[in-house]
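Note that the chains are named A, B, C, D, E and F in the order they appear, and that numbering of residues resets to 1 at the start of each chain.
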Amino acid sequence: MAKKLFDYQLDEPVEGFFLLKDSEVRIAKNGKKFLAINFQDISGEISGKFWDASDQDVENFQAGRIIHLKGKRETYQGNPQIKIQQMRLTHAGEPQEVQQFVEHAPLNTQTMEDEVNQFVFAITEPNWNRIVRHLLTKFHADFFSYPAAKKNHHAFAGGLAYHTLSILKLAKSVADEYPHVNRPLLYAGAILHDMGKTIEMSGPVSTTYTLAGNLVGHIVLIDEQIVEACQQLKIDEQSESVLILRHMILAHHGLLEYGSPVRPHIMEAEILHDLDELDASIQMMQTSIGHAEPGTYTERIFAMDGRNFYRPTHDQTKGDLDGHASQD
Amino acid sequence: MAKKLFDYQLDEPVEGFFLLKDSEVRIAKNGKKFLAINFQDISGEISGKFWDASDQDVENFQAGRIIHLKGKRETYQGNPQIKIQQMRLTHAGEPQEVQQFVEHAPLNTQTMEDEVNQFVFAITEPNWNRIVRHLLTKFHADFFSYPAAKKNHHAFAGGLAYHTLSILKLAKSVADEYPHVNRPLLYAGAILHDMGKTIEMSGPVSTTYTLAGNLVGHIVLIDEQIVEACQQLKIDEQSESVLILRHMILAHHGLLEYGSPVRPHIMEAEILHDLDELDASIQMMQTSIGHAEPGTYTERIFAMDGRNFYRPTHDQTKGDLDGHASQD
Amino acid sequence: MAKKLFDYQLDEPVEGFFLLKDSEVRIAKNGKKFLAINFQDISGEISGKFWDASDQDVENFQAGRIIHLKGKRETYQGNPQIKIQQMRLTHAGEPQEVQQFVEHAPLNTQTMEDEVNQFVFAITEPNWNRIVRHLLTKFHADFFSYPAAKKNHHAFAGGLAYHTLSILKLAKSVADEYPHVNRPLLYAGAILHDMGKTIEMSGPVSTTYTLAGNLVGHIVLIDEQIVEACQQLKIDEQSESVLILRHMILAHHGLLEYGSPVRPHIMEAEILHDLDELDASIQMMQTSIGHAEPGTYTERIFAMDGRNFYRPTHDQTKGDLDGHASQD
Amino acid sequence: MAKKLFDYQLDEPVEGFFLLKDSEVRIAKNGKKFLAINFQDISGEISGKFWDASDQDVENFQAGRIIHLKGKRETYQGNPQIKIQQMRLTHAGEPQEVQQFVEHAPLNTQTMEDEVNQFVFAITEPNWNRIVRHLLTKFHADFFSYPAAKKNHHAFAGGLAYHTLSILKLAKSVADEYPHVNRPLLYAGAILHDMGKTIEMSGPVSTTYTLAGNLVGHIVLIDEQIVEACQQLKIDEQSESVLILRHMILAHHGLLEYGSPVRPHIMEAEILHDLDELDASIQMMQTSIGHAEPGTYTERIFAMDGRNFYRPTHDQTKGDLDGHASQD
Amino acid sequence: MAKKLFDYQLDEPVEGFFLLKDSEVRIAKNGKKFLAINFQDISGEISGKFWDASDQDVENFQAGRIIHLKGKRETYQGNPQIKIQQMRLTHAGEPQEVQQFVEHAPLNTQTMEDEVNQFVFAITEPNWNRIVRHLLTKFHADFFSYPAAKKNHHAFAGGLAYHTLSILKLAKSVADEYPHVNRPLLYAGAILHDMGKTIEMSGPVSTTYTLAGNLVGHIVLIDEQIVEACQQLKIDEQSESVLILRHMILAHHGLLEYGSPVRPHIMEAEILHDLDELDASIQMMQTSIGHAEPGTYTERIFAMDGRNFYRPTHDQTKGDLDGHASQD
Amino acid sequence: MAKKLFDYQLDEPVEGFFLLKDSEVRIAKNGKKFLAINFQDISGEISGKFWDASDQDVENFQAGRIIHLKGKRETYQGNPQIKIQQMRLTHAGEPQEVQQFVEHAPLNTQTMEDEVNQFVFAITEPNWNRIVRHLLTKFHADFFSYPAAKKNHHAFAGGLAYHTLSILKLAKSVADEYPHVNRPLLYAGAILHDMGKTIEMSGPVSTTYTLAGNLVGHIVLIDEQIVEACQQLKIDEQSESVLILRHMILAHHGLLEYGSPVRPHIMEAEILHDLDELDASIQMMQTSIGHAEPGTYTERIFAMDGRNFYRPTHDQTKGDLDGHASQD
């Protein structure tokens, strides 16, 4: 099988098919145009510059196109980059499907959907069960295809559902260990907590924030959906069970300064917040460690206070670590 | 006219009718019951202790009753208190109406309603106008009778509408001075910004927070009402004008750590936040200064970082300052 | 079975045997002595005052004694208290064993030891395994009898081992879900992380901090024990595996301001920190919720930023919630 | 009338007269000199680079010169810039006056002076009135020509007086609405609050901070002037009225961390601080929004915590918004 | 020699002459008056309550009187207190001089004056020398009799000069060790840095803050004096040497949030700030440790972040430590 | 004597021998290699770029080589840089010793050793004396050759011992002035406080952090050495005197957020922290001021909150200020 972008060592020649994730026209100091490109395949992204771009080049090499590249893996200011030697569009018979180059969740959609449904079955409180089913149906396609964030953790297609599922599995362990935890409430909150991101973000590819995302935010956007669901399902939106469910979502960022309008005042809301952070942290650390050699440090992770992490020399699991696509 | 509670000087004999705002039964160190009382009239509240309370006294002197008091104005740990000498329930022909003893807004309800309506006329954007009218109608009674807060600023009957009206007047001045300000947006946001407090709080008297208030909060509670109003008025809730109006309310606490789920990203939302704080500050300072003698400092105001304020010796306006009831 | 302290409702007569957890002689305002007492049984602690104490009373009713009490369950400034009517020392044939009145871990020592040992088997890295066994043996008695803290979470006999075991179970769930987690490292770190508390604190009863605890702290105290263990076991203390294990312990408070001299820079150290906080939070919330009635709020939990938590009305599990002694 | 800098659209050819606000000689990577220029007219500033500058070019194109430019409006890393095609000095008969190109207050000096004087009349306290007149006379020329700041808000000629006047108008509204506000005190404080900037800064053009500005700061610099004024006017500088006036100036930054040596402890000092911030914020937002297209976000405003602001699509007032020069 | 207040052990009978530092009339729960007293001698202060005070007692036992006391040294809520058994005014022939009971600087005024003068000689820069002499003369009496603060460090008569002198001695050591330090500047700044406290505070006894102290603050108050001194001494107040000297004083609190309007931007200003804090800290620690037994902790020191300090068991210097009066 | 790097003025031709401190190969925008170089001599470091580097150039001009340079002193974005005109390796007979170009402590090793020993003599407590001697012997070579930090203060060969010695001298002054300070404890703590840096850092040249440095940190690393020393010297490591000494080291960063696992709770630990900061600050200010012209500001000092410092015009000591090499 063809080498992936992150399989190439420093100074090694690179040859293969890649997706142009970004391709921006800029003016060089000599007055000529060049393209600032991010090459992508399922192992991640690396940047490169295409110098002295003709108008035809600008036309050909737009973001979203798949190209064939010859070049070299170099380093620029500590970050990997590709020195481009030759680049052309693909021919018939060569790879044409963007999906093959985009990182996506390590589980396929059907598997994730089946697993989420198992958790829905366990939501035995009828109001919560109906609201969750209603909104899962309403946002079905986006929920299973969106990333969980523009960058940072789970920033890949299907990342939202995958992140939700990871939290649900942690939630199950917690509910098994601490029997006083309200299992249906924790599951219902976990499934809905980030669903507002399907309204906050523009889509799974070239993700930007919508105006509603910027002015209202995903927390309030999904809260409003719960209220609407109650109206359509004839559930009293002022009932304690609905208020508690809404609180799960509203409080899940844990601190006001992280954007929750209220802090957790229900035990399960506090637990949901903790598990959300735990899964996001592990996901970010695993991704970064997968890109570092044993015995070295990862790059600094912005969303973890800029810390870098040491990959011990005895840790030989790299092949697995970046294998989000391993089961494809 | 009878002297008010705050008219009595230190060590002066007190005699008059007062409302028992709070009256709590406690056990003294000698094992006997006593009542910890807050006496109230429109000039404010002062505490006192009724020692050796019999079961009949406990029965008689409950919160909400109006009593006749003989006593002395003393000081306990720097705060004024009343030493109770004699206390009895009122007779027929003596004051019986709680309203006479409760601090309330310096404007009567009809006046406030008329003035608010003048501002509604100036909301020329049709969606905003319809939403504001709809919610003003829906919450009419509570909006004009609730306090703006449990304590701190405008913690009196009618305080919510009075605070709203003060902001509207400041908003008018700002819109007159800075012509690029969107006047209809600023007015609509000002009228709605704290209306959720009618859901967050239990009522104008003996105010507590409701479960919805604690778990959801007044910001999101009124946001949800805007969304419902759109549905009933057939206004597209995803339209830019609605998103902007919702942003006005969601962002009006200014900072995430003050409970807004988003910071202001619309000029008028920033202005609304500033005017909200300005009016609350002036109201708190005026109340405290009204209780201090010229040439002395007020007590520390908790909600203004615990600062106290100096009342200059040349400031002889005390009579006016605490006269919320002046037009009665 | 006899009623427990927290089974009595407000104003209900109280009669039974209790431990005097604290009993402090003070001078009342009338110049006479009184005893400020904390009564304890396995359901928790409630305070009371014994007025007009004679010298014989002071002699009799010292902390650590078991007494028979007649009184009434009252409330003082929002907290439960006991009004003492009659109090005497126990006679022969009445309860004499302090252990019966002291809250302790819901698992007995042998069970906890067996379960911890299962996790030790899974520490397949030989250095870590030997160090953990060495220190578990060295601190065996204290590790299984100490509380995890003076107050806040797991402040009961056996709390240290119970807290450790809860984290180990969470750690197992995490290692099962995220296969790149180094399971032996996470288990070894979890077992050792708070073991220094056996040096930091004076003992399981009437716990105070030792001088070493105050001047050095439990994090560095156990780090020093790891270094000593290496010397005795002829393990190179500068080897990467030892440095990583030490880092697990040194970094487990997560932030410098919480007393860790380094922040986590190993993935498993970050996870250990997160699970430590998660278990402590759940334990504190469960305890407080167990003391609140359904449909009311708990008291504020100091170690969780002073937040209180709402116990939903549909939560009828109180009997279980405070039943740490349920299996005895 | 000729197009202004901010009237040109992306990729539109630019031709016209502009001021060289900055022109810095740098060395390009090819070893040749180039000029890093900021072009200015009354609509604002845009940067550009003059490549391969000869010694004659360096000599000609110095900061402060007016030039004729042919070029193109481009974008560089999200900010507008001018690609220079041809540039020459102006000839006789072409614009020569720097004042025509410099942004300045939207009111002319005489108007501002007249309006300020109206407020001085209303300062009925004799000490304050005499001090204000004395210092207005002493710093007259600078007060009406200086900017209010080096950058951020009101960073244009006459900005100091214009900012002062805006605050005075807001102050009038507040004093009208809240009758207990001491109007003369608020006006006197507003006029003097930033007058120290005439000592702190070097002048209206190419503004830098003076040594006194850096080592003492404008707050203390004007406080010292009040003290000197008292000595010359034979006013007792220890009188309460002088202490209160000084407090207005010393406290006007509101928080110690913003450089006030005392926090506001007089109601009018708190109000002055609030109005100062309100006017500065509105001014910054208006300027940024005037440079953004409807339906887009402004650049981030550093002095407002780096927030950007959304200009609604229905806001068609751009022409007015950047028209500081509109009445000229 | 008679025992001092802090020489008495817990439960030891107390008999001797003491000053009534404070004596406040309060009403007990039984309705009778009592006096809340602070007894003082040169070893410190301890509180006590005088129950059932008659009008004659209130008249006799006012603050400032010297009394003869019989009582017992007890503890109340962890703090030492005196149980009063008998108390009477002093007779002829018994101690009458308040000075004997007031803590004061361990050096007498003449010694401090001589030592300060030695440092003045070393201020070789003529402007600084003249300004320092001028202000030392102007504030001579107060400078050598005032405390350095109302509470916290050096809160005793002569404390201001003593604190200044301690800093000067540290400054000499620093200037000896780091030859690039400007010695005259450091000395001049040290002498003047807190001199404004003679204006900020009401006097050496029963110290309160003046209005000027509250509204302007000691930093700006002495800065103003430097400016006035320049005018009287015909020194150019805008000269660099004067600006630098003023900066020394203005910046000496180190951080804006501690009340300096500017942070140190001159090396000697930074050093002055550091030495000011160092001397204050050592003084506070020495005082507290002097009141603690070897092998115990001090009370928490509010101005040092509430930390307490351990007095090692081998530290047998207590007699010396609290001996501010040792030379009397 | 030859001019030093910092002796050259702007635009002055540079010619002389320098050390290549760093030399990094990078790719220019034209695709050719260049070297990003830091030139060093004992006056400091200045950067420069060597364009169009051949493979032979890359081979020749590696970090650690001494070269002969012809060029010009220029400025790039406000920082000094060297424009390289000609560069060659040194010939026989020209300077070859790296030591001549490296900044080092102003005292030679023998002098520092003698002076430190004088302080060791004054450590009269036998345990402390033996521990200090033991560790001084063990880490002798590194202690006298390492820098005190990678950058910031004392970042030169011998800086660790020089910094230690400066603190010891300040400590002597403090102990002389405040007789209750425990002199032996303060000296012992000062000598050991940063000795862990010899384990934390890789060495005196091209300093990096070791794995132990990153995962454990210098504070805990030297604490562990004290414990080991106790074991070898048969000193009871749980004795109060050892706990106190360890506390001196553990607490010397003063605040938890600066990496101390405990805050100072011993007077001498607080003093050690203060003197450590004082010496580091003065050292940083002196170095920066030595690089600035009189009448100008230094560059911003990162470790002093980014402040810059003004070098007064009357300060003519520059020659001395940067003369770390003055006694060579």
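Convention: a contact is a pair of C-beta atoms (placed from the backbone, for glycine too) under 8 Å apart; a residue touches a chain by one contact, two chains touch by 3 or more.
Here is each chain with its UniProt name: A, B, C, D, E, F = HD domain-containing protein.
From a predicted model like this one, the values you see are computed outputs, not experimental measurements.
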item	value
Chains in simultaneous contact with chain A and chain F	C, D
Chains touching both chain A and chain B, listed by label	C, D
Chain pair, A-C or D-E, that carries the greater number of C-beta contacts	A-C
Remotest chain, chain C as reference, centres from CA atoms	D
Same vs different contact residues, chain B with chain C, by half of numbers used	different
Between chain C and chain F, centroid-to-centroid distance (C-alpha), Å	46
Centroid spacing, where centroids are CA-atom means, of chain D and chain F in whole angstrom	44
Chain centre separation in whole Å, for chain F relative to chain B (CA means)	61
Of all residues in chain F, the ones touching two or more other chains	29, 211, 214-215, 240, 244, 265-266, 310
Pairs of chains, among all present, that meet the touch criterion	A-B, A-C, A-D, A-F, B-C, B-D, B-E, C-E, C-F, D-E, D-F, E-F
Of all residues in chain C, those that touch chain F in their complex	211-212, 214-217, 219-220, 223-224, 227-228, 231, 238, 240, 243-244, 246-247, 250, 255-262, 265-266
Of all residues in chain E, those that touch chain C in their complex	28-30, 51, 74, 76, 83, 310
Footprint of chain D on chain A - complex, ascending	26-27, 29, 31, 211, 214-215
Interfacial residue positions of chain C with respect to chain A in the complex	166, 169-170, 173-174, 177-182, 240-241, 244, 263-267, 270-271, 274-275, 277-278, 281-282, 285-286, 289, 297, 304-305, 307-310, 312-315, 317, 320-321
